[in-house]
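What follows is chain A paired twice: with chain B in the first complex and chain C in the second.
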Partner chain A sequence: MKRRIMPLVLSAYFVLFIIFVVLLAYFWNRDSKTPVQPINFSHQIHVSKVGLQCTFCHDKVDKSTFAGIPPVQKCMSCHKNVKTESPEIQKLTRYWEEKKPVPWKRVYSFKIQNYVYFSHKRHIKAGLDCSKCHGEVKLMPQMKRVRQLEMGWCVSCHKANMAPTDCVTCHK
Partner chain B sequence: MDFLNNLFLPPSATHLHLVKYMILLVYFIHIPFISLLFGGLFYSLYFRVLTVIEKKDFYLDVSRDFADILIFRKSAGIFLGVLPLIILTLIEGQVFYDAPIQIVSFMIYTTILVAVGISLAYFYQSTFRMSGVGFLLQLFSGGFALIFLIIAYYIFWAASALVLDPGRWFIITQVWELLYSWNAVARFLHFVTASFAVAGVALLFFFFNWKEFQQEADPEYAFYMRKVGGGIALAFTLLQPIFIFWNLATMPNVALSAPVYALSILVLILMFFISMTLYLLLRDHRVKLGTNAFMLFIFTFLVMIVNDHVARESATQNQTQVLVTRAEEVQGKLKAEREAQMASAEQPDVQLGEKIYNEQCSTCHQFDKRVVGPAYNSVLSQYSDKREELVKFVRNPYKINPDYPPMPNLGLTDHQAQSVIAYLYKHFEEEKNKK
Partner chain C sequence: MDRRDFLKFLGISSGTAMISSCGVDKANEKIIPYLIPPEQDVYPGKPVFYNTTCTECPANCGLSARVNEKVYDEVRGLFPTKAEGVKGHPINNGALCPRGQASLFRLYHPKRIQRPMMRDNDGNFRVATWQEAYAYVTTELQAAKEEKKDNLYFSGRTTGTLAGLIGRFCEEMGIERLPEFEIFSHANLRKANEIVFNQPEVPHYHIKDADFLLTIGADILETFVSPVSNAAQYGEAVKNENFTWYHLEPNLSMTGLKATTRLAVNPHSEIYFLAYLLHALSRSDIRKRRPSWAIMNMVPDPSAEEVSQKTGISAENLEHLVSAFFIAKRPLIITGGVSTAQPGGLEAALLTALIQAAMGMNDTVVDFAHSQNYEKVGSMLDVQELLERLRNKAVGVIFISRSNPVDDISANFNFVEELKNARLRVGMSDFMSASMQECDVVLPLSHSLESWGDAAPRKGIRNVIQPAIEPQYDTRTEGDVLLEIMRTASGQKQGPDYNQYLIEQWHSLYGESETVSLIENGYIEEPVSPLSIAVDTRSVESYLKNTDFSREVAAQPVLIITPSIRTYDGRSKVLPLLNEIPDPLTTVTYGEWVSVSAVAAKKMGLKDRDEIQISVENENLNYPVKVQNVLPENVYMVQRGLIYAIKTDIDSRSGEASWYLDNISATKTGAVIPLPILSGSMHEEGRGILSSHESVVEHSEHYNEKLKEEVDVEEERIYPKHPHKNYRWGMTINQDSCINCAACVAACYVENNIPVVGQKEQLQGREMSWIRIEPFVRDDRDIEFTLMLCQQCDNAPCEPVCPVYATYHNPEGLNVQVYNRCVGTRYCSNNCPYKVRRFNWFDHRLPKPWDKMYNPALSVRGRGIMEKCTFCVQRIRAAEDMAKDEDRLVRDGEVVTACQETCPTKAITFGNLMDDSSRVSQIARSDEAYRVLEELGTEPAIHYLRKKERKSEA
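This part shows the complex of A and B:
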């Protein structure tokens, strides 16, 4: 009897862990996978090739809590004439003609968005480089999330930079 | 330790590709060896202590055999233990060139501690052949060897956990800050338990395959060695799934990918086969199965190393892109410098101007029609007598005409801006003369 039970117990034990790993993979990173955007916009082309600064499009980043997504009008100020033959620019033109904003999918957000106060302006004024939180965006053909923005990470960066670590700094 | 970065040159894309394969090779060589040494040293010391507690010389033989079989020879310690870590330190210096991670200093600490730990382990091994050596000397040499190796490999695995989390690179600057990471704890404990398991399997493999041990051993001793080797190997193999899961659950998302999960499942399947083999070995007294278990374990180690490499590649993708771009920039700069030396530094270079025009300006400007910015023909005629103003504008653009969007700053040098303007006027005048 024992001769048969032990192999079964061993099999069940390993199958259980395989199921755990499969479940982990299934739920892995669900809220932070790279979203499929309505237009295949490349930061790499606009920053590394054309030479635009981050603030050229995200012009609210040093003035407001939010970095801001540029309005279609801003894109069209160049793309009325540039790359008009590209299908992606034609998609952009359609939004412009229909007077609709591009429904960009959010890449970065806090897991508990309503409980965290974060100001882009304050971090930019403190001299923090965009890449500290967003990675090397200038090299990304497709914008992807490279930091999880978890509390422990924020706190260790605050400590390392002698920034306040009181609860009320982020949780108003 | 910023000076360490100055010792390295930025690697080229091809070089980077090559050194990443070298990391794999170094891990293949080093990790199985150090696991056997670490596990062997621990068991040998354990049985040496048991000799004194139980007052049985039988355990002294077990302790000596663990030390003789698994700590290997001194040359192995140098070529498979210390040398791969020195190579790895140099490689990491290249791979993380100018990155805000203190990996080189962490690797130097590891290498020094491992060198001391391995030296003490060989001294401990040699005490079994010395006459009149007391228990305390063996306990201290073996114990300190183990302590040095534990500290070294905690730093090693914590540093490898840090590599997988680029968001923490600039935060962790001191070696003790590495301690606060659940992933580091998971990786270290995975290494320790895997070492204990592989040491048990290796004992079965070497003891029952090497004639010198077989001839010396009586049947009772051989039976005990099979029971000990198989028992500890099976017990620690059964702990592996816990640490595989713990490692995956605490690994930063940026390091995770479908292949990492797939390879982890493969490792679990291989671990299942190893534990079944070990169970059959213990149940049916089939010592020859020890060879199968050992081979399977070595293969599983290789799969685990590849899995770790895949996670590392995924996490350091951005750093690789930075280095490749940097290498291209350095190459481009060298080329530009050579070109600049050939042309007079003072004189605007029309060919350079044409190149800049084609690569950057033509996206928004043409000569005869408006694109994003105004047509050059309309602008150039206004600035014929004040070209320097145009050069200043190109270097620091500002909004002049509200009908056009603002021009971005292209970061051109004075010579580059002069060259662009020289080319624009050359082209403009040629076209005018044709008409």
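This part shows the complex of A and C:
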């Protein structure tokens, strides 16, 4: 009796394990590259069609370590009147009226977020174009991650541009 | 197990391990915007600072709260993350003490009272609304009035606008305002000043202007009146080559160990010394204003031998002291603390006042015009009167605000029992203290960093209290509570809130533009009218007539209950950081203990942590022992606030609470109690950590020449020399001005997100502090301290042993620890001769909501990671970032480390050692400089300045 159950349990275990790994791998990648945002915001419309500069919304990019995500108030400053019939904008208005910040999904992050201190300011001041890391955002109807932010990639660029490669440049 | 089973288990366990190691991808984390951005221009990397006031003790130093932007619980907001001193503030000039540094732990304390509470029918607390509480209190006030009972207002020391508002409130509501309650009321000092000068005040002492300081019992660097102000002034005074400081005390304090000469006196014998000094003064030629002879005849005139015999000061020392006092140009004598809180304390304070007058100190260093605003503070006599009224059931509603009398007042006064006789007890506090537990209505007060207000710590200074964060709970400021009760009583619906009330007050006092500068700078200095201080001979005479100076000198063992630099009178004990960092003198962290002199311990066969029983009359107290060198044999010490159970008496003339228990007996019980004592040994075992003369000479011979002439000595090295490009960061620590107050230790914890690990971990020696104070017994008469932190060695022994290159030397001379590389082998810690590396045995994240306090500029380390002092690399990087924007190098003084910033005496200097003109390299080249364990060739970046020779007489 015991001899029959053991192989069965074991094979079931391994089959489940393999299914789990496959599913994990499948969803992991898809989710992280283009996360589904609470509002289907299009960079393409705002940049290519409307002609907004990146810094119009991300106004801290040349001042702070973070580029800054615009306050809901800023979105509403235009969308009080612009395109109010769109269901996506109505979602935005709902957030505003309920006094809830929009829970955007992060697109770019470091694997070890807690230990990396990347400064947008320094890179912008060094004359880097946003697209160098973020890709052609102006062509993206849905924000997509085009680079895996891994240290090797950072360092290769730092080396090529004679930027410091001292660890405390980013890790503290 | 056969081979098959083994393989099966291997398969299952490896599969499980693989699944469990699959982390969560951070890409799906939320990124929360503001709904509406704040008015201030705050963004990551640019904090904003609010100048406000520290309310952790009555000194009310200027506090500058650093506010950072961060996302907490899915809300983007602004959070105070660090407390600094206000730069240029007349009291603390940019510095804070450990309690001030830890005050953020109070702001975010999970145990704060969050809502108004009232008793239900069963007598248990229930949550109430403010309106409900106001209505109840108002009806009760009226009912008590009808019953012809007195309504009373009992609060801690209050200054500024709030003091005025309480007066108005009491007047309008028909409430009697009792004298304010502080257990450290300085009652004897004020009483003596009233008798001698008609000034019932605690004066402001200009320590920095003195060239000779004589302190008797006053622990000026720890808790006495305004310790940060005293320490800052000491830092100035000690720069004077001729500055001499004698300290007389029956116990042992860090203040005493800092003095040029510390003289131990027998308990209760101070008055003999002071009487001798006064008479010696009247006989000498250098006197300025000799007291009238009528007075002098009434003061006993002991001979030098008699004084020697009574006090225990040798005749030789006595002579040195007296002559040094007389030849000084600007001498200052301060008596306080343990020497006034004793049976003869009033006489001691009175004699001191006479000496001050005789030496003309009132015109220079003893300043009554800027006195410390203690005039509304009462004493234990007032408490006794209150108890009498309670006993007679004459009290209706009693408000207890910002004080904890139940713990502070010695148990023999039966305060808890008597308080029950009041009709209604209304408590106002931020914590559910023992006193609040006795109340019927508890009104939660906002923390000072959540409220508007002001404070007048001493005459001529007005501090602003302004919010750095919105109130986190349903709390109010005391001013708002009073205004709203008044409105409820008068039936008004609308009225100004306390903020508007304050602004009106400030406008009427200072005008609009000055009000703006008050809020911006955090303080305003007002002119005070000069006082002419003269001895009121008649009042002194009539006092002396009824005074018996012949006081028994306590020869039996005494127990002294001292204030603590970590908890003051016990009020800061609730802050976990202050339990985590060691008491500097004993290095004890969590728990209570009694300090026993090394001599007595040897006689009784006591070791650290052995339990002893202290018996006095019918009371027995059991505590673990900390053996304390230098402490006189018959003196036992405990710290107030750690221990409340001790019953002490009061001086019936002034109401000063005594810090003494005389005639105790101590016996070993045989039990051993676990007590975290962080110092492994009180002896440096000849390793040369302290500034022995040899180490300085050796240093100047080998190192100074090299630094001055930049001769590159070819040494035998395994690794090539480190190239430094623009910077080599370095630090100097002046051991002469360092007072070991541990403010730097607390500042480091808060700035660098250092985990608070708790008693259990500390008992296993797993403390985490990056900077520590090490006391070492030099000989049996002196204890010397040194600050120990990562020495940022040029040839760091920790670097080559790291198998993963997680610690390395960077081009700026920093010995960097890369947390995400570290795999936790702990080889580096093994190889560090300074023992400054700390290992995270567990994840020690601060529990909510304390984690609001985390500094977002650097990481919070997790389990299995080694960490250590980084020279505040986040501050260096910020300064470099700013310099790069302006295309220049970092200027000298632009990088200020957390320890340096908070240092009251400015003992720490930080800067670039490669810049010859920087302050740090100038100080490092001083003849007094040395480096710890230099013979190891580690080439540390920290230079210590030798402590000047001093004497201590046991």
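Quick note on the criterion: the second predicted complex is superposed on the first by the 142 of 172 C-alpha atoms of A that agree within 3 Å, B and C clash if a C-alpha of one lies under 4 Å from a C-alpha of the other, contacts with A are read in each partner's own complex, and residues count from 1 in each chain.
Methods note: a residue touches a chain if its C-beta (ideal position, glycine included) is under 8 Å from a C-beta of that chain, and two chains touch if they have at least 3 such contacts.
The structure presented is a predicted model; accordingly, all values stated were derived computationally and were not measured.
Of the two partner chains, neither chain B nor chain C is touched by A:162.
Contact with chain C, but none with chain B, is seen for A:102 once the two complexes are overlaid on the shared chain.
Once chain A of one complex is fitted onto chain A of the other, the partner contacts of A:12 are absent, as it touches neither chain B nor chain C. With both structures placed on the common chain, the touch criterion links A:20 to chain B and to chain C.
When both complexes are overlaid on chain A, the residue A:70 reaches chain C alone and has no touch with chain B.
Contact with chain B, but none with chain C, is seen for A:148 once the two complexes are overlaid on the shared chain.
Between chain B and chain C, more residues of chain A are touched by C.
Of the two partner chains placed by superposition, only chain C is touched by A:121; chain B is not. Residue overlap on chain A between its contacts with chain B in one complex and with chain C in the other: 6, 10, 13-14, 17, 20-21, 24, 28, 32, 74, 145.
Across the interface of their complex, chain B is touched by residues 3, 6-7, 10-11, 13-14, 17-18, 20-22, 24-25, 28-29, 32, 48, 50-53, 56, 74, 77-78, 80-82, 132, 135-136, 139, 145-148, 153, 156-157, 160 of chain A. Every residue of chain B that touches chain A in the complex is listed here, in rising order: 166-168, 170-171, 173, 238, 241-242, 244-245, 248-249, 252-254, 256, 258, 261, 264-265, 268-269, 271-272, 275-276, 279, 283, 318, 321-322, 325, 360, 363-364, 370-372, 405-406, 408-411. Remark: chain C residues 8, 11-12, 15, 18-19, 22, 25-37, 43-46, 74-76, 808, 810-812, 814, 816, 818-821, 857-860, 862, 870, 873-874, 877, 881, 884-885 touch chain A in the complex.
Those residues of chain A lying in contact with chain C across their complex are 6, 10, 13-14, 17, 20-21, 24, 28, 31-33, 35, 60, 63-66, 68-74, 96, 99-117, 119, 121-122, 125, 145, 166-169, 171-172.
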